[in-house]
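Both of the next two complexes hold subunit A, though its partner changes from subunit B to subunit C.
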Partner chain A sequence: MGLDGWIWALDGWILVAAVLCAVSCSLLGNFLVLRGTSMLGDAISHAVLPGLAVAFWISGSRSGTGMFVAAVAAAVVTVFLIETLRRSAGVDRGASMGVVFTAMFALGMIMIVQVADHVDLDPNCVLYGSIELTPLDQWEIAGWLIPKAVVTLGVTLLLNGLFVALFYKELLLTTFDSDLADSMGFSSQVIHYGLMTLVAITAVASFESVGSVLVVAMMVVPPASALMMTDRLSGMLAWSAGLAALAAIMGHGSAIVVPSWFGMGSTLTSGMMAVSAGGILIVCGLVGSRRGLITRWVRQRAFAAQVAADDVLGFLFRLEERAKSTVLTTAATTGQKKSESITAQNPATAAQLSTNLGQSLPQCLRVLSGLVRRGEVEPSGSGYCLTSAGRRRAQLLVRSHRLWELYLVEQAQYEIDRIHEKAEAWEHVTDESMRESLDRATSQTALDPHGSQIPPEVERHNQ
Partner chain B sequence: MIGPSVAWVATETSEEWLVALWRLLTLADYNSRVVILGTALLGCAAGVVGSFTLLRKRALVGDAISHAMLPGLGIAFLAATLSGGDGRSLPILLTGATISGLIGAAAILGLRSTWRLSEDAAFGIVLSVFFGAGVALLGVIQSLEAGHAAGLEGFIYGKTASLSWTDLMAIISAAAVALLLCAMYFKELALLCFDQAYAESQGYSKWWLDGLLMSLVVGIAITGMQAVGLILVIALLIIPAAAARFWTHRLSRQVLISAGIGMAGCFGGGMASALLPNLPAGAVIILACAILFLFSLMFGSAQGMVWRAIRRWQWQQIMLRQHLLRAVYEQAETKTSGPEIAGDFEVRIDVADLMISRSWSKPLLERLVDDAQREGLVTRIGFQVALSRSGWVQAKRLTHQHRLWEMYLITHADVALQQVDRLADDIEHVLEPSIIHELEQLVQGRTVEVAKSPHQLPEPS
Partner chain C sequence: MVSDRPATSPHSASNPGDLGANRPMLSPLQVWDLTVAYQRTPVLWDVAFQVEPASLVAVVGPNGAGKSTLLRAILNLIPRTSGKIQIFGDEFSAQRRRVGYVPQRESVDWDFPVSVLDVVTMGLYREIGWLWPVRKQHRARAMEALNQVGIADLAHRQISHLSGGQQQRTFLARALAQNADLYLMDEPLAAVDAATELAIIQQLRAMKQQGKTCVVIHHDLQTVPEYFDSVLLLNMRVVASGPVAEVFTPENLQKTYGGRLTLLDEVSSAMRRQEKLL
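On to the complex of A and B.
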């Protein structure tokens, strides 16, 4: 496998820290992506620098809670400034982020050079996390030696989970319809700043232990992947958390395995986690149940096949109708009274179908063989005709078609020569309840605008 | 460390300092000349390109693309080193970074159109995934041969050494190409920014134009990144353009002002870092641009906060004065009833009554009365005020408008009698003569001088 260098005491803890970080970032990331502030993680990762400089200047050391608090404070200031610029001065959201974070970063740079010239406080160490080092810095809790990062990230995840669970409805409303939320009495501002403060805390807690690359990636990529899978917020939260955890696990594994394929030593885990998240996004983008490219392609193909089959059935049904009316007319003229039991078999050849439906002959044969397999059409002589199952489906189809035509003329004031195309398009997606509504919305006539009989809903005792 | 550093001129006395300042301002010193000219030119080009990306609502595209260059850099370094060449050769690294930047740009456009992801999500994805890949590659490189790759990190964050002559030449050519392209395709880019659908209907491909804009960003980013550093390039692509928005609503001026702010920021920042000790030039340039941004935010002629606040304040004063006039008129109306009211503007009203009628504070009312007196609208006699002739005319008109609107709200909008006064307070100031006429016809059925207050009419039974 190539996982020779795997040591549970080290890699296990790295994995736990990474999964905790990934899940807590992605939970909040959903709301960032939905609110159009996906780049906030990146902005915060740069903008905490002045906070670090101030903390270093006060405490003189580069570790401890002082740093954490100062960085969170700087992040909150950043978020506040971005929002103020956007609201009060009308600056574009992206631009206000850009202005604030570059200026804060520059300020931080200058402060660091002033207070800590040639001291070990490198802005790069903020940007590159050292998740590999997490197992080394441990706390003893109830007799267990647990890495500090795991504890802080665990607490962060707990906070984020509680926030999302407790304020789910408020978050949902403020994200999708902040005006409605305001009118219903929860302030979208309060929720917004609550969310942003949590984002700041999560980002800083993660920078400290795993680095900013992972934070930015996990706040955006798993939620975007989840968007490929579902449209529901609850589903999105679940998917993004799961995919984020998967990306973290895959990332750490591949950081060890992939370079070994090229005969090189392991690489930085956080980078590979971001890459894994990207890979997962591509997979979801291809086969995702909601927006996946392949999924969409398959659905389109299936629909096209259904439309082709519908067309064949409809054509056969209309042929039968015509034959039936001829038989009826003949019966009337000859004085026979057998109208109830008349069945008018009128087979059509594949070539006939092909010319009338504008499908190529092979295409037509393929559709026909499919229909035969489903028992909706049966060969009859040199041609094909409907079975009773096929007749039922065709009848409903033609009913939908003619109801639509009637509706378009009566309710939508369409010209009679334009209704056929519309009805032709919609007949394939019209179900029973819609037919009922159409029936109710149109006058109770039995004839469509062209004068053809509108078949009844379902004839269970057909012939 | 970001950005190039201009060697600080060590000065002991103020005289020497002045000499240094003079040498700097005249660009006599070779080093500062190269740095300041180079960054200023870059600021100019970035300001122009940034204006278009800002208006296309893609301000952060520079951020995403410049981060997306890292993996290309790593791959180029690895490929060159493994094939026995010099991994740190600038042309190879630049080619790798450019290709990877272009792939990042294409990925952004692809994510947008294929999956209908929002702009910012596409930026975030490309930035983090590409940068992550780059970080992983650098990790591999470092494990290969420690120390050798150190130059690569400097590449991302800009060199600490000053700009070289080659850098200046690269900036000059890149800026010239970018400016030329922007000038040539100004109309098309403007269409893309303001009305993409219309641009497409005119036969311009969205892909081509977006591709052009993205390529311009890649060009600026690659030139700037290795010369002055990643963050400075991002800042130059965003801050000047955002600042220029406060000065104008016209695209042509926006582009020029943005270019000017970019140049000025670089010039000022470069100067400051040379004159003051211990300041990294890149960071100071960003701060200089940020200061220009703040100035524009405050005093920009089109959108500046100060002008907007002043306009709002002036409008408030107008509203307050109109309320005062109407209050005096209405008090006068109650004192004199019947037909003699017309023309009887000399009725004196107690200031104390006015204060009660609108719950104004005493100082505010005093100020309002003083102001109105200065304008010749009222005359003040002791504790009483009376309208002047022009004040009377105005007050009559205002009262008429107020009552018409009240009547309209009651009769046509089904608003309760108790609420109409406050609602009409807001709207009476902006009613135009044509609307007044319409209201008169609608509410009164005829033109009257002053409508009766609905509050005095008998309640509709």
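On to the complex of A and C.
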């Protein structure tokens, strides 16, 4: 098993070509994805076909710059037709893409089959590419034998890199807010056509290596994955380039390795690149910092744990309050002096917390042990009570809760029996500045609508 | 102040000879007989008005009255069928840098991977120019603008985390950074909280103090007299325009909101039917 079949002179070049191609496609793809025109890459990569056929028709050869120029010209015509159809006939962009590129592709197919039937211009090759043949066709540059595809793709990557670096600001503005761009004199049309010309160049350059289907995959999938990993455009560009390169490396590696597990020979690199990119997209979807499922799940769990802990602290605080007021009333009737220690003398058992908070007993115990570890609750007899740190946090929670209740009744005209649930949910996300605003917005009464005391804000530097 | 008709004709207003001497007196925006059509259906008919320097102007009218279309036509974002528009007595393309635009909030994708500061910095792009990168001094000025609208603490947040009011403040900060003399704003007060509304209005008043002019599409009729100096009542054509005290009357509002101009719609579709037959 493993990479037994690996030959540097061959596989090394294939890998380089795959990485160059993947990275150049993904760089431009970022802007296609952000503009909601991902399928323009698809449209263009198909629509260059008639250009290729015409060039072949005229020059009679399959290689050369004529072919390249004709293909790019066909692509620009395609973009122009799509835009014209959209603007003047009011056809939506997706539909006009569909109309134009299928027509162009069909035209190209007919031309190839009719005119170039007997020659080496294979429609299959256009679709799937032949990256495995990369090392066979070489140019000698400064004494080095370098595969032609590597040179072309290298130049393409350089072009795309320069374009994105130089016009970063213009690309950002026209993509985000094309109206503002136009009103400022940054013509969104100019940028659009520039971008599309480069997409066409990239598509044509990548054709022979990876085929038109993979061009589309590399333009759309790495940027879409990158968007899940970051929330800045610059980050997205970097991530997409990295992920595209990774997909290329994984693709070629697995094309050699995976089939051998099933006792077969190596398979198509381009196909495995697309599969790898898909796999990367799924992983990004799971762990992405922005919208990743796992990330979100972890965050939700953390919040649920915070809410459970908050509830325990709030309950213990209210228990202390109640005890304090009974003691005070008793003290008042018996003429005793009030004692500072009464507050600490109200442990609640885990079972008691469990019934009152509607949490299961094991859940309650878990929350309690967490709070004990953080030093906010301490065991006392058979139960638990607040430490001074826990009391401070609980006091703020209860303060938030009661301020919200007051606010809802006074400012939002809520019925008194509907305020508790809302305050209960919001107390967990209310910070100091919100409490301040609430305090300012409500009347300066010390009692909430239920008649309970609203505790004061805790002094910040009070240890 | 807005008056029904531009006082000067297009020709004398664009006389380059007195440009320097008359500069403070030049109207920031004059429109003559502007007609705009979408797919041959006119949305604005013979619109004419002019705006006085250093004033706050409300553009008011029902849905489909062509308010956004008017701003977009002034900015050359859509072609006009006929009519003439002058910005400070000149073509728009020549006065571009003196015009700021605040598009409707819904016109952009608020999930876009940029920070609040990035968006505000866009206001300086024209000044930075093609190809030049954004530099430290520009970010500092964008921060200043964010400070003015009171959301400097959000500078490095991604924009999808903003509330509606904060989005609107972001757009206003971007406009401030642009440092234009005439601002065209598409519903900057739509769906914002009371605090944001107050903050934005205070900012507009401060801009007026600095001699800037703001033409603002506004939807809340009750606040028009309090916030604005003059008003343009629009319903496909100009119903009335001028100082709020004179023009903002129940009769004019009735005319503006008393239904779309169905007859105009009817006649234009009849025209199109006719053209198809020919």
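Simple rule for what comes next: the second predicted complex is superposed on the first by the 384 of 463 C-alpha atoms of A that agree within 3 Å, B and C clash if a C-alpha of one lies under 4 Å from a C-alpha of the other, contacts with A are read in each partner's own complex, and residues count from 1 in each chain.
Here is the rule we use: a contact is a pair of C-beta atoms (placed from the backbone, for glycine too) under 8 Å apart; a residue touches a chain by one contact, two chains touch by 3 or more.
Not measured: the values here are computed from a predicted model.
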| When the two structures are laid over each other on subunit A, do subunit B and subunit C clash or fit? | clash
| said: Quick check on the superposed pair: does A:S443 touch subunit B, subunit C, both, or neither? Answer first, second, both or neither. | reply: neither
| First (subunit B), second (subunit C), both or neither: which does A:G90 touch? | both
| field | Touching partner for A:G41 - first (subunit B), second (subunit C), both, neither | value | first
| said: According to the stated criteria, A:L227 is in contact with first (subunit B), second (subunit C), both, or neither; which is it? | reply: both
| Just subunit B (first), just subunit C (second), both, or neither: which does A:F167 touch? | second
| What's your read, subunit B or subunit C touching more residues of subunit A? | B
| Taking the superposition as given, does A:Q413 touch the first partner, subunit B, the second, subunit C, both, or neither? | neither
| task | Could you look at A:D182 and tell me whether it touches subunit B, subunit C, both or neither (first, second, both, neither)? | result | second
| query | Once the shared chain is lined up, is A:G235 touching subunit B (first), subunit C (second), both, or neither of them? | reply | second
| request: Applying the touch criterion given at the start, work out whether A:A277 contacts subunit B, subunit C, both or neither, answering first, second, both or neither. | output: first
| query | Hey, what residues of subunit A end up touching subunit B and subunit C alike? | reply | 90, 227
| query | Across the complex, what residues on subunit A touch subunit B? | reply | 33, 36-39, 41-42, 46, 85, 88-99, 102-103, 105-107, 109-110, 113-114, 117, 124, 128, 213-214, 216-217, 219-221, 223-224, 227-228, 255, 259, 262, 264-268, 270-275, 277-278, 281, 285, 291, 293
| said: Under the stated contact criterion, what part of subunit C meets subunit A in this complex? | reply: 39, 72, 75-77, 93, 96, 99, 101, 103, 107-109, 112-115, 118-119, 122, 125-126, 128, 130-134, 158, 160
| Footprint of subunit C on subunit A - complex, ascending | 34, 90, 166-170, 172-173, 175-177, 179-180, 182-186, 227, 230-233, 235-236
| subunit A partner contacts - residues on subunit B that touch it in the complex | 1-2, 54, 57-60, 62-64, 114-121, 123-125, 127-129, 131-140, 143-144, 153, 157, 231, 234-235, 237-239, 241-242, 245-246, 278-280, 282-287, 290, 293, 297, 303, 305
